[in-house]
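Chains here go by letter, A, B, C, D, E and F, matching the order in which they are written, and residues are numbered from 1 within each.
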Amino acid sequence: MNIANQRIVYLNGEYVPESEARVPIKDQGFKYGDAVFDTTRTFGHKIFKLRAHLERFERSLRYLKLDPGLSIDAFTSITEEVVRRNLPLIGGDDDYWVTQRVSRGLSDGDREAWPEWPDATVIVECAPLPLAARAKSYRDGIEVITPSVRRVAPEMASPRAKTHNYLNLILGDLEVAAQNPNALSILLDRDGNLAEGKGSNIFLVAEGRLKTPRERYVLPGVSRQVTKEVAIGLGLEVEETDIDLFDAYNADEAFITSTSFCICPIRSINGRAMAADSIPGPITKQLIDGYVKLVGFDWYAQYLSRL
Amino acid sequence: MNIANQRIVYLNGEYVPESEARVPIKDQGFKYGDAVFDTTRTFGHKIFKLRAHLERFERSLRYLKLDPGLSIDAFTSITEEVVRRNLPLIGGDDDYWVTQRVSRGLSDGDREAWPEWPDATVIVECAPLPLAARAKSYRDGIEVITPSVRRVAPEMASPRAKTHNYLNLILGDLEVAAQNPNALSILLDRDGNLAEGKGSNIFLVAEGRLKTPRERYVLPGVSRQVTKEVAIGLGLEVEETDIDLFDAYNADEAFITSTSFCICPIRSINGRAMAADSIPGPITKQLIDGYVKLVGFDWYAQYLSRL
Amino acid sequence: MNIANQRIVYLNGEYVPESEARVPIKDQGFKYGDAVFDTTRTFGHKIFKLRAHLERFERSLRYLKLDPGLSIDAFTSITEEVVRRNLPLIGGDDDYWVTQRVSRGLSDGDREAWPEWPDATVIVECAPLPLAARAKSYRDGIEVITPSVRRVAPEMASPRAKTHNYLNLILGDLEVAAQNPNALSILLDRDGNLAEGKGSNIFLVAEGRLKTPRERYVLPGVSRQVTKEVAIGLGLEVEETDIDLFDAYNADEAFITSTSFCICPIRSINGRAMAADSIPGPITKQLIDGYVKLVGFDWYAQYLSRL
Amino acid sequence: MNIANQRIVYLNGEYVPESEARVPIKDQGFKYGDAVFDTTRTFGHKIFKLRAHLERFERSLRYLKLDPGLSIDAFTSITEEVVRRNLPLIGGDDDYWVTQRVSRGLSDGDREAWPEWPDATVIVECAPLPLAARAKSYRDGIEVITPSVRRVAPEMASPRAKTHNYLNLILGDLEVAAQNPNALSILLDRDGNLAEGKGSNIFLVAEGRLKTPRERYVLPGVSRQVTKEVAIGLGLEVEETDIDLFDAYNADEAFITSTSFCICPIRSINGRAMAADSIPGPITKQLIDGYVKLVGFDWYAQYLSRL
Amino acid sequence: MNIANQRIVYLNGEYVPESEARVPIKDQGFKYGDAVFDTTRTFGHKIFKLRAHLERFERSLRYLKLDPGLSIDAFTSITEEVVRRNLPLIGGDDDYWVTQRVSRGLSDGDREAWPEWPDATVIVECAPLPLAARAKSYRDGIEVITPSVRRVAPEMASPRAKTHNYLNLILGDLEVAAQNPNALSILLDRDGNLAEGKGSNIFLVAEGRLKTPRERYVLPGVSRQVTKEVAIGLGLEVEETDIDLFDAYNADEAFITSTSFCICPIRSINGRAMAADSIPGPITKQLIDGYVKLVGFDWYAQYLSRL
Amino acid sequence: MNIANQRIVYLNGEYVPESEARVPIKDQGFKYGDAVFDTTRTFGHKIFKLRAHLERFERSLRYLKLDPGLSIDAFTSITEEVVRRNLPLIGGDDDYWVTQRVSRGLSDGDREAWPEWPDATVIVECAPLPLAARAKSYRDGIEVITPSVRRVAPEMASPRAKTHNYLNLILGDLEVAAQNPNALSILLDRDGNLAEGKGSNIFLVAEGRLKTPRERYVLPGVSRQVTKEVAIGLGLEVEETDIDLFDAYNADEAFITSTSFCICPIRSINGRAMAADSIPGPITKQLIDGYVKLVGFDWYAQYLSRL
């Protein structure tokens, strides 16, 4: 890929071609995963809920005492600029993830070779959404498997912070992928309740009501929040509560939410097909429709069009 | 620093100046801390226990299903070469840390801007030991504080793998540094037993016997192993067992072990001075002497000479 | 101190000078901490919420199957009499703690030397509030540290009973005082949620809402209850829920409540300053004002006047 | 009881009649159970294993950062003096418990009425052993019941320190006594293993081997230690390990150890009679005989003589 | 009993005399308890809430992936038929339990001797209610004891499924029956909260409000649900929440609910009498009256008439 | 199958054809899984280690307070008789499982239709080993998967008793079978250590040493014991200890043991192939050979001959 066609990345104050966006091997974001990030997406080339994402980003930063030296407003401008510069590189019917990252940069002892490197590494970058690769999940539903590894407990490191420490989730993915490369890993928390996957929240639907794990044990997804609001708008009850495999195997419907997936139906959990006859189930479909309407962009059709 | 004076780093098959040793911002080692490492040190410019470190490195790699495409023998040669190339840059009485790192490189979706980047990022690098900064700890002993955050449990991610996911340990450090910037954080495990700090194991000495936490909850330090062997050689009993704050407050002596520290005496735990009258206590001193003898290099004098 | 100037204590049916208020060394309250107590305070020399305190006292007594042989009404009269007798000893702008205590007295085997001692030891006593010593906390806010020791779990002994067994809390205090003698220890519960300190509840304020730990894990403070009522009166939402260090580090404001402190602002938790610009933060200030109004006495001014 | 016939107690430097041995109601040993103690006994009027008890006492003191201002040697002399003064009060075939206690005395704020009271309250006292009351237990064996309340976990307060905080054990006693006033409560630890009762350790005998809970979860009884030594002397294997109700219900024999009981056979655990045909079982009897021999005094006959 | 007088049982498609209702010793319901059931009762010979029971039955079946090959409607008809056929065998003032059971039948390897046995064993049977045996409990209240064994945790097997695996509950019963054959065992969950007994839920009444354990840890009893509805109809608050022994010892009233007991007052918990003066307490009595009214049959009088 | 060709089962004192070996639907072994069993096998038509199995059987019986009314000697005779009667039904190169079962029979309330049924149901039965179905596992190794469901904890029901309550293990099997019908489920215990599968123990081999889970969390298999003895005979170290997935992914070899499998190699754990090049690995092969020799029968060849 020649540089002219490359995406542009914001790195420590400059806009550089992606291939030049590198961090020193001694950056603490690399050595320790000592960094946080947040990701939103565009719908029809417009950024969605950037403020909500940046406020969550700020909570992750505070939890780890990371100071990027930039305000939310500054991140807003940079994010918009990064998207603006990169939009020409994708088609009109494609969309972007856009991500802010802050690491603790170089420690004093590691600074010698990079004397100018700032105290915090700040990155804003974007990537095209893998629409085609996911289209099938919307048609058939995702197969969910709960691996044996448990989600890291809040007294060790809060799952509410979105950080560069993903090995716990990756260990879950490795277990699941070995059995079924198409399946999605959803870890249980230390008490055996459903928690979350690498970047996705889970909802169950039973007797017309929605249930999703308590925030204390998961990343409080912005899409999870949007889904709750859509559900309430539709007159559905939504409960944040402990849910376990008994709930899962008895749910009528289930789905995941994430920034990029928005809402994607689940076909089965540990091989048990959901009770509803269709994919998506009737309530999931209502929520998808409500979500599409709220966003003002038919991302569901966008995904399905890539089949 | 001009390039001629820079340390040389092995990166993906090449030897490059440290300032050019960078990883793409989408390297999974950076995004997720999806990487492992191991570190040994030189004593009088000679690498110590490289094989033991590389065998542990291999266990970390296997645990995370990371394949560097290089054998232990290959890593041995590269490590020796990295040290050889960098020795001219330090004084005769200085020494190096030397570190191997392997990350999962770029995922397929992130490869566009770096099409040549290999499947696994492989790094071997070195850094001078901060001898002067630590000299005081050998004279006065280290102050240890146990933070409230608990060490990640093995059912979530095994502490036995040495990975790039350090946030749990960093959360402990942040708690401790806020109270006392000179103190060392030693986390308790989920059952409230002493576990480990960021890169250090802990030993207690009571009634002439050594106790150190069980391997299941900590990184099995090579220096921890060397210390055990030295102790046994001295006719001391060593037990790997659950130890807690009752043991800590009643210990006669205590010390940490790490690759770079070897053995460094602890002055106090949560402000409770160890019972022994001297720093180091008599048994700790015996162990230091035995360790020095085993290594064939007086690292203890080396540290103290920087006071 | 001559006897004429001494405070009067109610002890097993008699009003005696404090220096004569002693218990046998074999009293089970001394040997085992087998006793419960409750404490209220005066505001402008008037006792506050005595009934609520005595009802809680009764729950502690029932939990431990302790029978003082006195009704709540009898404790009310005695308490009032103790205060009445002691008020002449303090200035008009000072106030009292007043405390009821019941221990299991002497076991049959230990009764020989004190044949008349009753089955339960009953004490009502008072002590002047340390207003001056605390004034600075109202101006600057309290520094909170979470020690590594965990609060005793309800399946072992319920934190809801106010008993003479304080060693778990004292172990927390010892950890914290060793780092910072001015700081307040707030223990985490066994799941890593914020629990309580020795005699104080904690509240966080975030997005205009109050959160405080669930009753199951803490003493249900009367001041905690008053604060909740004041908050609701101000139109603020109050939630009893699991809160952890992620919440703490992201809170806008925080404060403790206790019988004597009423509401006292927190400056920092584990060295992380609260986000609000002022001490107390705006909502904490509203609550203090509301609390003052509800009590009908400006205890906040009383504290600050001692600076 | 007139003063001339009273036992003498050492209290803060003086030898006083027991009826005058009282502590201020504000002593922290009374208010918080903030105190530790240790107890040994006489056999035929001779104190047993005083040094071992005082060393354990010192560990309890250190754990709670209590400083009595007296050395072990000083406690030894005082203890011997207390026994010497009190021996004339009991018959030649009776014996004493003798107990050291240290509390944190008065806090500065509570000192006004007792200005001379020392920083630490120091007590040494003795009490006649209840030989007659226990004789039946030796003949018939003790009935053991495991209550539902769990032993306080080491991460909250170590069971290894012998303190004045007994409410957790008392809650167990209350459950058990309500069902069977003659039964002994042995609490399970938080993992459901057998732990200990109020002042007693438990041993199981199965296939000729002894098992007793790990020290981390119980007070390391001096009699427990003596029993282990006697057992080893008899060629029996002894294991400190996790033991649970499966072990208990399948044990051939079981017994408790304590300072005063030495070794007392268990008849049943939760109503399940031990498998052995006799009380005590054959191995328990061997151990009793060995213990008697080691002590040089037939305490077993002493107990049984009171039937 | 001659066959003509025997109850009729539905077994795998046929109506057979009870004495012929047997399952192969290799039925997985026998070998593994690999089966689920549900039970309702008649009131005045009419089946109560059959649909609610069969829906719960279906959730148990789904949880264990058991397929009876029969719809809820089919089970309804069979259940009605079984009751119809058996009613002539009891008096007009007696009533029945009626129970559906489905086991996993024979595995392929075990089918040889019973080649016709279906894939799932399906049973519907009834049994007369032991009215006389229970009458005393209504007059005097039930004594409840919490054994030391903990209820199986949801991450191991959900208590919400009503299965043929009762050993955990039976271990509780054995502990309790050894102390008091008339007492009812209510197990605590793994966190020490009150959970449930073998077939009964527990409610506490305090300050006019009802509390009962959260569904996640117990079988969600149909009678528990009916009681909640009756309570709400009476204007009482009902909370599903964690409740522990502190709540129990401080409750004014307590009662159990079950299909056959409906509501039965508790006299004491671990020997602690409930605070209310009467059995049943005033609110329990209101609930009983409301339950009788809702059912349209005075089961309370029916029980008491057998005294 | 006509009755003449059927296997004979011992049932409550009689030898009956298997098709007539049935239990009442109200047998507590069926209703509650309130029963225990044990299983041994024949090698070349000879029963192996019957005494060890019956002693374990007795421990299961005692744990659940089940009284079969028969001694071990009686069970020995019956077992031998059952095998003797059934041997003619299998080929000379086939072998049997032979199983003893005792349930709690009928409760008094359920006895009406079966008035003669004894207090305990006693069964001894046999079944041919599925040699052909398993042959492939010996050649290729077993694929092991750890499901997300955790093994029941000892404080709920001890895994050391071999009972008719298998749902916890079956829930694990259902998770695993949905992913890979050929894989074997090995559950983790509540702390995330490897525990056991439905009827099989697991061993890992690393650095020439064997590790297997501690008895407290698993059924102490007789074959597990035999394997330990064979290993020790071969000069190998064997450790009973906590082992987790870090150990599993780094093991050189792994295998399961069970009565029927004896020793069967594991090919992979969660899709991670064992490090050794061959199936079975060299040490596993040594152990198989030693096991064959100890038994005096080449069961390994017997299995492989069915390929």
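The rule we apply is simple: a contact is a pair of C-beta atoms (placed from the backbone, for glycine too) under 8 Å apart; a residue touches a chain by one contact, two chains touch by 3 or more.
Since the structure is predicted, the reported quantities are computational estimates derived from the model, not experimental observations.
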Steps in the shortest chain-to-chain touch route ending at subunit F and beginning at subunit E | 1
Which chain lies the greatest distance away from subunit E when centres are computed from Cα atoms alone?
-> B
Note: subunit F sits from subunit B at a C-alpha centroid distance in Å of 44
Tell me, which residues of subunit F touch at least two other chains?
-> 65, 149-150, 153, 155-156, 174, 188, 192, 245, 272
Give every touching pair of chains, nothing left out.
-> A-B, A-C, A-E, A-F, B-C, B-D, B-F, C-D, C-E, D-E, D-F, E-F
How about subunit C: which of its residues touch subunit D in the complex?
-> 1, 6-7, 9, 11, 17-19, 21-27, 29-35, 37, 64-65, 101, 103, 109-110, 112-115, 123, 125, 127, 130, 149-153, 155-157, 163-168, 170-171, 174, 190
Subunit C to subunit E touching residues, read off their complex | 59, 62-63, 65, 153-156, 158, 160-161, 216
Quick one: in the complex, what on subunit A touches subunit F?
-> 145-150, 174-175, 177-180, 188, 192, 245, 270-272
List of subunit D residues in touch with subunit F within their complex = 188, 191-193, 242, 244-246, 249-250, 272, 275
